[in-house]
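Once you scroll down, you'll see the structures, which are given as structure tokens.
The same chain A turns up in both complexes below, where it pairs with chain B and then with chain C.
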Partner chain A sequence: MTVLPWLVALWLFAIGIYGIITSRHYVHLIGCLGVVQSSTYVFLLSAGYRWGAGAPIFYDHPPGTPAVDPVVQALVLTDIVVGATVTALLLALVLQVHKRRGTVDPEKLQPMRR
Partner chain B sequence: MKRDARLALAAAAALALLPGIVLVIAHLPDFGRHPLPYGEAINGAATRERHVTNMVTAVNFDYRGLDTLGEEFMLLGAVTGTLVLLRGRRGENVSDAPAEAEGRPIPPRSDAVALACRFFAPVLLLFGIYVVLHAQLTPGGGFQGGAIIGSGALLLYLGEGYRIWRRLVRSHLFDAVEATGALIFALAGWAPMIFGAKFLENILPLGKTGALISGGLILVTNAGVALAVAGGFVLLMVEFLEETRTTKEDER
Partner chain C sequence: MTALLPPFPVVLPLVAAALLLLVGRLLPWRLPDLIATFAALTMLVIDGAMVLGSAPAPLVYWFGNWPPRGDLVLGIGFVVGQADAAVAALIALLFAASFVFAWGYFEDIRAFFHVLMLLFLAAMQGFSLTHDLFNLFVWFEVMSVTAFALTAYRLEASSLEGALNFTVTNSLASFLMLAGIGLLYLRAGTLDFGALAQSLAGTPRDPVAIGAFAVLAAALLIKGAMVPFQFWLADAHAVAPSPVSVIFSGAMVPLGIFGLAKLYWEVFAPMPAIGTVMRSLLLGMGAASAIIGGFACLRQRHMKRLLAFSTISHVGLMLSAVALLTPRGLGGMLAYLMGHALVKGALFMIAGILLARLGGIDEIGLRGHGGGIWPAGLALALAGLLLGGAPVGLLDEGTRLIDTAANEAGNEWFLPAIVLGTACTGGAVLRAAGRIFLGWGERSGEEERGPSEEETEKSGRPLWLMMLPVAVLLALALASGTDGASRFAVAAAARFIAWDGGASLGHLAAPPAVPDVPPSHPFIPWLTIGLTLMIAAHDLGRSRLPRLWLALSDRALAPLFVVVDRLHNGLVGDYVAWIAVGLALFSLSFAAVGG
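Right after this comes the complex of A and B.
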């Protein structure tokens, strides 16, 4: 029994969360969020893996050849692109925070006063 | 919250979750040796039913096209949000002059960079179009191809500098490309309903398996995604690169 893929996913998730908790810079925090997100890629692709199977492309070998799960691959594919644009949105928010409050340290950022 | 409090809370949460995580990992199916009912169903049926050879494309743009529609609008929403946040505050008062951080002068661009970018920008653009067009046959599709095309556009900035980048990459044009992509996908969903079919039902002629024109509606939705992703990536780069310029002092 192989548990390594699951452990890699868990490890990526855990170090990402640790980075978010101890972060002192919002750009670093968004990078850590990316690490957490990549743990889901590892997890999904491992869930769809099968020993001895090829890519789910039947261009040069006939349908019916053993292939890994295409459903999780489709999920990961859209996840990556949407994740990239959401990261851009978060970075834009960081720029705005820096312009308005002059800091990008989550601890120095106090709640807004009325 | 203070650092110590955050760490203590995280440690407590990790300790509480640890037994559950260990239990779940111990009960996960054997890696690489468990049944894949949905994947098997797609792998067995898509070539026969949709005349495509790339199963991932069949899932993304046909069987679960509705999910991709949602994801495409998420992408549109994220890009729009970024644009509103960055452009709204800055306005149109950007000058050509680069903003310089204190004590960090901007080195001139070397000829090697300019040459490499001139060579690779068209190659990347062409490769992106190739990846988009062969979505239904080989690995690739609108998402990947769109991202590659966007990266090719960024090489223009790297190699030619800001002025030429701005002259070639008009944000109004890419606003339109982005919106058109999303619109094409939405219309591809509604159009079959005019002919009495279901939303996003593949009613176009499917073509011959393995040909460039095959897969019916998959071609249309794939093109929509490619336009939206390429437009969105270029728009994001335009807005972030505008942030590296100084604003015009007198108009502030």
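Right after this comes the complex of A and C.
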């Protein structure tokens, strides 16, 4: 177990948050949100990783063979599905915003500020 | 028999939603309304049966029949104690009321509204009943995604922008939650609350587990809209359709705090450092939210935005009550949560009536226009009084319990924050009632500069049908304000603390005895309602007050209002920056406590 995956996850989280805070384009902002989300994938997968272990499939291995933790992989898979839903919804919202306001710059879009 | 009930509150709405999605187009007339209302009422009955059935011991249900072997938990379980079932029943009731209120509102989009709402309902039920951390996350996500879609329903500029802010901030919350789950799993290798607590009890000073709590709590407090994570709430609640705002304010946001209570008592209670931070930082966050929400509420003229800020204030009170970490405090929070949901649900429905019947929601623009719908005015005044701390009803029982619990825990310092926050929100609602329905308050104060916009909702719905759920909710809020209700809340809280965590492994501790004591400061409700009436009278009677006094008071208060207003500027980047600040605050305070 090395610290490298932790550092990668932390870096992705921080850089994604920085991107969201400074973004001037909603599509870019949604991309940054995806970067933040990837940090959780990296973190979870490395949390369940075992050196020298195989995939958690025991079809042709006897039970008890070392394998990486399947639970975190299930967590990541679920989160990828959710992430896809949220991204699709966000992009649809941004398209609608662009239709109505002609801009996708968060600085120019403020609810009830006109 | 009751042992088989726990999955139904989740399965039933999911099946109903799938059926409506499948055949919703073919169904004639108002059948989707009828089916959705019926589903919500059925769940109210099931949840009610579980409240009764879980009195001797919590109901434990293992999905797919995977009970634990010894201390090894592989399955996903629902553990339903009285508190969980009562919260779930309240949510079902609120949905039923909201479906009746929305009767015919959404006929343009046929059954899609009902499909989303039923999914939303299933997610909230699952969130209240589950005993598995990842399952909690899944319901949290389903709740969020349906809420995002419901907020943006009108597809108008401001609802889209509100929904975008809501989606970005709350997605961050779910990423944080997932990271916290990963940390905890890394340490304990299990996801069941009971097994997690058992594992943490062996290493009560573990820094990884403390870090996990910090991110999980931040995620739930974003959902619970606590300072400095509260910014998304006003944008989202103000633009969502009013039947949806009823659910947001009444159930979704308080569920964040209930989730935090669940996590603390069922998982993290063995860790002393976390208790210390709860009693200091989170108590303070609750008090700060109560005050900031109250001040911001006074400055609004857009009724739904006004109510949204009042939600921040009242949920702050709930957080403070949980953070006392005593059974009585938790009982007070439960009673307050129920009372708040009933009153706030009714208030958002009244805002919806204004939108549908008067074609507007701007308090100043509607001045004196409310004569034709006077029953709504009466209800608004009554709800304002209840919200402002009138010494009747369930909200008042909750406040008294919290007052006593604060006294017992030696943390009375936050009570003034609660009195002030409550009085501001009640005063603002009463001001709106006086202005819209009586035409008082011709000279407006600071609220004139609050943001507002033209808005209407589908008209042509009969007034009696919209008033019916309002009347039922308010009557319940009044009628349930009895000693029996507060005794039940405290007993349910004591059992929740003693039983819910270990129930999955079959460990049931003896519930702590909580003696019945009179409230420590019986004058607090009177003080609060007095202050509420004073604020309302001051704002409505501006034209009769001496000019010098107005000039002085406005000059003194203006900077405060301006700061609160500038912070809620609608910029999603700023909101996320505040989330980062809040996370830093959490890390620092845990570092200071030192594990």
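Definition applied: the second predicted complex is superposed on the first by the 111 of 114 C-alpha atoms of A that agree within 3 Å, B and C clash if a C-alpha of one lies under 4 Å from a C-alpha of the other, contacts with A are read in each partner's own complex, and residues count from 1 in each chain.
Assume a residue touches a chain if its C-beta (ideal position, glycine included) is under 8 Å from a C-beta of that chain, and two chains touch if they have at least 3 such contacts.
Note that the structure is a prediction, hence the values are computed from the model and not measured.
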item	value
Larger contact residue set on chain A - chain B or chain C	B
First (chain B), second (chain C), both or neither touched by A:Ile15	neither
Contacts of A:Val97 with chain B and chain C, given as first, second, both or neither	second
First, second, both or neither for A:Leu44, with chain B first and chain C second	second
Partner chain in contact with A:Val27 - chain B first, chain C second, else both or neither	neither
Chain B versus chain C as contact partner of A:Thr2, first or second or both or neither	first
Which superposed partner A:Pro56 touches (first chain B, second chain C, both, neither)	first
First (chain B), second (chain C), both or neither touched by A:Thr78	both
Partner chain(s) touched by A:Glu107 [first = chain B, second = chain C, both, neither]	both
Which superposed partner A:Leu89 touches (first chain B, second chain C, both, neither)	both
Where chain A meets both chain C and chain B, residue numbers	17, 21-22, 71-72, 78, 82, 85-86, 89, 93, 96, 107
Parts of chain A lying in touch with chain B, wherever the complex brings them together	1-7, 10, 14, 17-18, 21-22, 46, 48-51, 55-59, 63-64, 67-74, 77-78, 80-82, 84-86, 88-89, 91-93, 95-96, 99, 107
Residues on chain A engaged by chain C in the complex (per definition of touch)	13, 17, 20-23, 26, 29, 33, 36-37, 39-40, 43-44, 47, 71-72, 75, 78-79, 82, 85-86, 89-90, 93-94, 96-97, 100-101, 106-107, 109-114
Contact footprint of chain A on chain B as seen in their complex	1-3, 6-7, 10, 14, 21, 25, 28, 30-33, 36, 38-39, 42-44, 47-48, 53-56, 58-60, 64, 67-68, 71, 74-75, 78-79, 81-82, 85-86, 89, 137-139, 141, 143-144, 146-147, 210, 229, 232-233, 236, 239-240, 243
Chain A contact footprint on chain C (complex, rising order)	134, 138, 141, 144-145, 148-149, 152, 155-158, 160-165, 167-168, 171-172, 174-175, 178-179, 181-183, 185-186, 191, 235, 238-239, 302, 305, 451-453, 569-574, 576-577, 580
